[in-house]
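Next, two complexes with chain A in common: one pairs it with chain B, the other with chain C.
For the complex of A and B:
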């Protein structure tokens, strides 16, 4: 690879990286500034820690933070764990494998809100699932499954929607592993788990990290699933931020927004680091 | 060999059952709900709606914001896909073909729009638009935001594509006297094509699905498919009407997926670059 002239490099990077830095930089700047009392739409602007102190002290803030972290981490880990075996199964083409991969990737093109509606339909009080379980005698009568307090429905939908993203990223990475390496490992007596742990996972760790990060951030900042199928006794951070914004409390919305950004970053580093440590740590 | 065959068959059958539970039953329910005639409600004693008609479909087409929403979404998505591709190409070329100090940092910084949650971007981008007085140009603001938000996908995919272009192919083309365009066609395009298609596809999908920016920047009055469906699920929830909207919004995307899956079948990066 060659080393380009600095002016040429700058010119090449500007429309992509340059615009990203300007746009995101401006958004982060406004959010951080508003959380410290600047850029008020009404009243005076000026440095203050008041909004941070007032918001962070609330129990609702604490609850929304821990709830969103829970949804983010569980969704990311479950989606990747489910995508790996499927990616390995589809590594080599076989009769019907393209159909299988199309079916598995279908959720990518079904809108999240459509999926939420379909799901609501199936699990509603008089929905098909309730009727089925009643007819089997599992339930005595229909039960309320919608918006369950433990967010199980929400997690099912998060995994349903996000698993194909992990599958898409992992399939490429897993296909790039050469057969020779896997055959050699098998000849040396490595079992399925050992082959995964010592060869497949380390060789596809960057795709795994990318999947974990993309899914984690999406689920951490989820608004639509939470407001349609999520538990009604909890608020996700995006929902909480929107709640403040709707009441024109921009500074407090900014506090939640900045927290959300910081957690996205820290959580991503944590998940990527954990993947690296677990699957790359023992490489000599 | 036979064990693999049996295993694959077994797994396929299992997958089809899961798929039926996962996709076919929910969609059938939605179709049935969309056909419920308002004269007789569908109660749990009946397996099928007692009276069926296309009343809800006609009603939704004529009396909701469906038409402008379709127009807005299907104008936004291809525009965003094309614009993103255009903006991503130079950066991806630099990251894929050149070695320079700060290359790894640049690759990391490209991911920034993914780190900042969409709702944060949406709310504070709106705040920015108000402060510079451009809030009334909603379509252009949303298009601009979409193009930049989805750049990371395009840049990451295309960087890999540019890395896969083989220097010996370029050199061979040059040695045989190919001009820049012919060199591009012979050495670059085969390796780039899957990446270009994948970028267009992923940005198109992301833009069609994008909710936060369209919802917050578009307020009030600018509707896209997701914002319209969201509002139909919220304030005045009416199951048959929401079913109509869901189907109108979901079916084109599924057809598109089948088309693009076919499109991408030949686009295996490992084959295109001569590895395999």
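For the complex of A and C:
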């Protein structure tokens, strides 16, 4: 077959790859350029490290980075950890398994902001949970369940919203593992944990990595849940970026934005690498 | 003491009885085969022995211990699966020592065992390869080696050769039997291939509809089938409905069949006046000889290499003959004889 001319190949690729590169490339370019002083909306444009020095040196920046990493990593790991047993449970069809599967994936159809408001009603001072626990006698009176320092409420919402994504990806992966392979492992003496650790996890590690990355990136840049149910004494990076934007400090917002992108990339590589190393090991 | 004792075992699934009051014993170091058509319950029985299924009732004893309720990972058995079930992400070496690792075998012992197994199954050149880089025969050997490495008290084979081509199947069949003998393993082999069962087994258990139809040495199963099913399933057989008319002398009977009157010589007496009888196609003798001389018309002829298959019409009843050399063609008449001792009384139907 004759090789098409390079310009024809480029033209064929352009509608797909070209648009992706233009849109993603433009965003990255603007954010990076703005963080180094270009596209300055309020002053002179030009190369400078001033905005990086000013932002990175702040205590608030450090706190938002560590807080966002905490939310991103814990949400991703918890969502995947919760999705695995469910995916294994739903691996073989049983009566009602389709309904169970649909219910578990329902959070994908509910907007985060709606779920966050519902959750707020549940955990608020006079909310359903407080009333229920008081009626059971577990609490003497209503307690403050919002604004917890460790963002437990926020993590619950993140896992609730993201677990179905992991479940979707993992269900397919664990269903692809043959029954005989699992039976052979069991027959050779592997218990439940050994079967997961040595067979199931290594054979579904790609789906695990995809889940971790997708959830981590989303949770790292969370704004909706954080502003609705997150602790008020903490700021996520998205919130911090918004804080700069509200004050028309676009270049500093861009610094946080670039940090967010770099952390997304590094965090994804880190999580995927860790999953690979823990569950697949290094091949000789 | 039997290595395995199965006592009145029943397995039901939603009202369907897959294993129906089966009892059998397997001696230590014995190679037995569960033979039967698809759906006869042989794989279910294997799963019950390995612990992947729990029986509805009955007992399974391995090495004298009742193992009902004991999970597969705690039973001293190892299975060679039909699909090989190799771990696709692990190298041949890692596959071979998987079971030893799970059992916490010390490294030095593990390495020694690996060396021994690798020699037995001849996989030394492939230890670092992944299963998908091996041929079917090599994968089969890895599966066998992996099961042998844990030195199980009982090794179970679930149709392990069905994915191999005919030539390789024959070769692996000999290898399996040799390894089983070398290691002195007690083996239970499940197959629907009667040739495999006849060639490999010390004893064969024929299963049909969840029940044990007959058991015995391969020769006994082949030459003295007890039922119509066994006669038909193991090898080829001509089965005829017969009516006993007279006992000619001690051990000789005269019967009337759709192909004419015949004389039967049998050590065991017939169990009813009307019953099926059978004879094997290769026992037919060309020409007219003895009391059972017959003439038929060849309706189909198939050259099979070392013999020729003939389907012969005898007054509206078709019979199969296997003869070494045959010059006649389809439509020709053929004379043949069946010796009285080659005719076998079967159990009455029902």
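One rule holds in what follows: the second predicted complex is superposed on the first by the 268 of 284 C-alpha atoms of A that agree within 3 Å, B and C clash if a C-alpha of one lies under 4 Å from a C-alpha of the other, contacts with A are read in each partner's own complex, and residues count from 1 in each chain.
Please note the rule applied: a contact is a pair of C-beta atoms (placed from the backbone, for glycine too) under 8 Å apart; a residue touches a chain by one contact, two chains touch by 3 or more.
For clarity, every value in this text was computed on a predicted model and none was experimentally measured.
K.L.:
Report clash or fit for the pair chain B and chain C bound to chain A in the combined superposed model.
P.N.:
Taken together on chain A, chain C would fit alongside chain B, as the superposition shows.
K.L.:
Would you check which partner chain A:189 touches, where first means chain B only, second means chain C only, and both and neither mean what they say?
P.N.:
Once the two structures are laid over each other on A, A:189 reaches chain C alone.
K.L.:
For A:202 in the superposed arrangement: first (chain B), second (chain C), both or neither?
P.N.:
The second partner, chain C, only.
K.L.:
For A:280, select first, second, both or neither according to whether it touches chain B, chain C, the two together, or no partner.
P.N.:
Touch status of A:280: second partner only.
K.L.:
Would you sort A:248 into first (chain B), second (chain C), both or neither based on which partner it touches?
P.N.:
Neither partner.
K.L.:
On the A-aligned overlay, A:180 touches which partner chain: chain B = first, chain C = second, or both, or neither?
P.N.:
In the superposition, A:180 contacts chain C only.
K.L.:
Of the two partners chain B and chain C, indicate the one touching more residues belonging to chain A.
P.N.:
Touching more of chain A: B.
K.L.:
Report for A:15: first if it touches chain B alone, second if chain C alone, otherwise both or neither.
P.N.:
first
K.L.:
Can you pull out the angle centred on chain A between the C-alpha centres of chain B and chain C, to the nearest 10°?
P.N.:
80
K.L.:
Using the superposition on chain A described above, determine whether A:5 touches chain B (first), chain C (second), both, or neither.
P.N.:
neither
K.L.:
Looking at the superposed set of three chains, what is the minimum CA distance between chain B and chain C in Å?
P.N.:
7
K.L.:
Write out the stretch or stretches of chain C touching chain A in their complex.
P.N.:
50, 52, 71-74, 77-79, 81-83, 85-89, 91, 98-99, 102-103, 128, 146-147, 150
K.L.:
If you look only at chain A, which of its residues touch chain C in the complex?
P.N.:
The touching residues are 178, 180-181, 183-191, 194, 198-199, 202-203, 280, 283-284.
K.L.:
State the interface residues of chain A toward chain B in the complex, per the touch definition above.
P.N.:
Per the stated touch rule, the residues are 1-4, 9, 11-17, 19-21, 23-24, 26-28, 30-31, 34, 39, 41, 89, 94-96, 98, 100-106, 108-114, 116-119, 121-122, 126-128, 131, 142, 160, 172, 175-176, 213-214, 217, 220-221, 223-224, 227-228, 238, 241-242, 245, 250, 253-254, 257, 260-261, 264-265, 268.
K.L.:
Give every residue of chain B touching chain A within the complex, in rising order.
P.N.:
Residue list for chain B touching chain A: 4, 8, 11-12, 15, 19, 22-23, 25-27, 29-30, 33, 43-44, 86-94, 97-100, 106, 109-110, 112-121, 123-125, 127-128, 130-131, 145, 148, 151-152, 155, 205, 208-209, 211-212, 225-226, 229-230, 233-234, 239, 242-243, 246, 249-250, 253-254, 256-258, 261, 265, 269-270.
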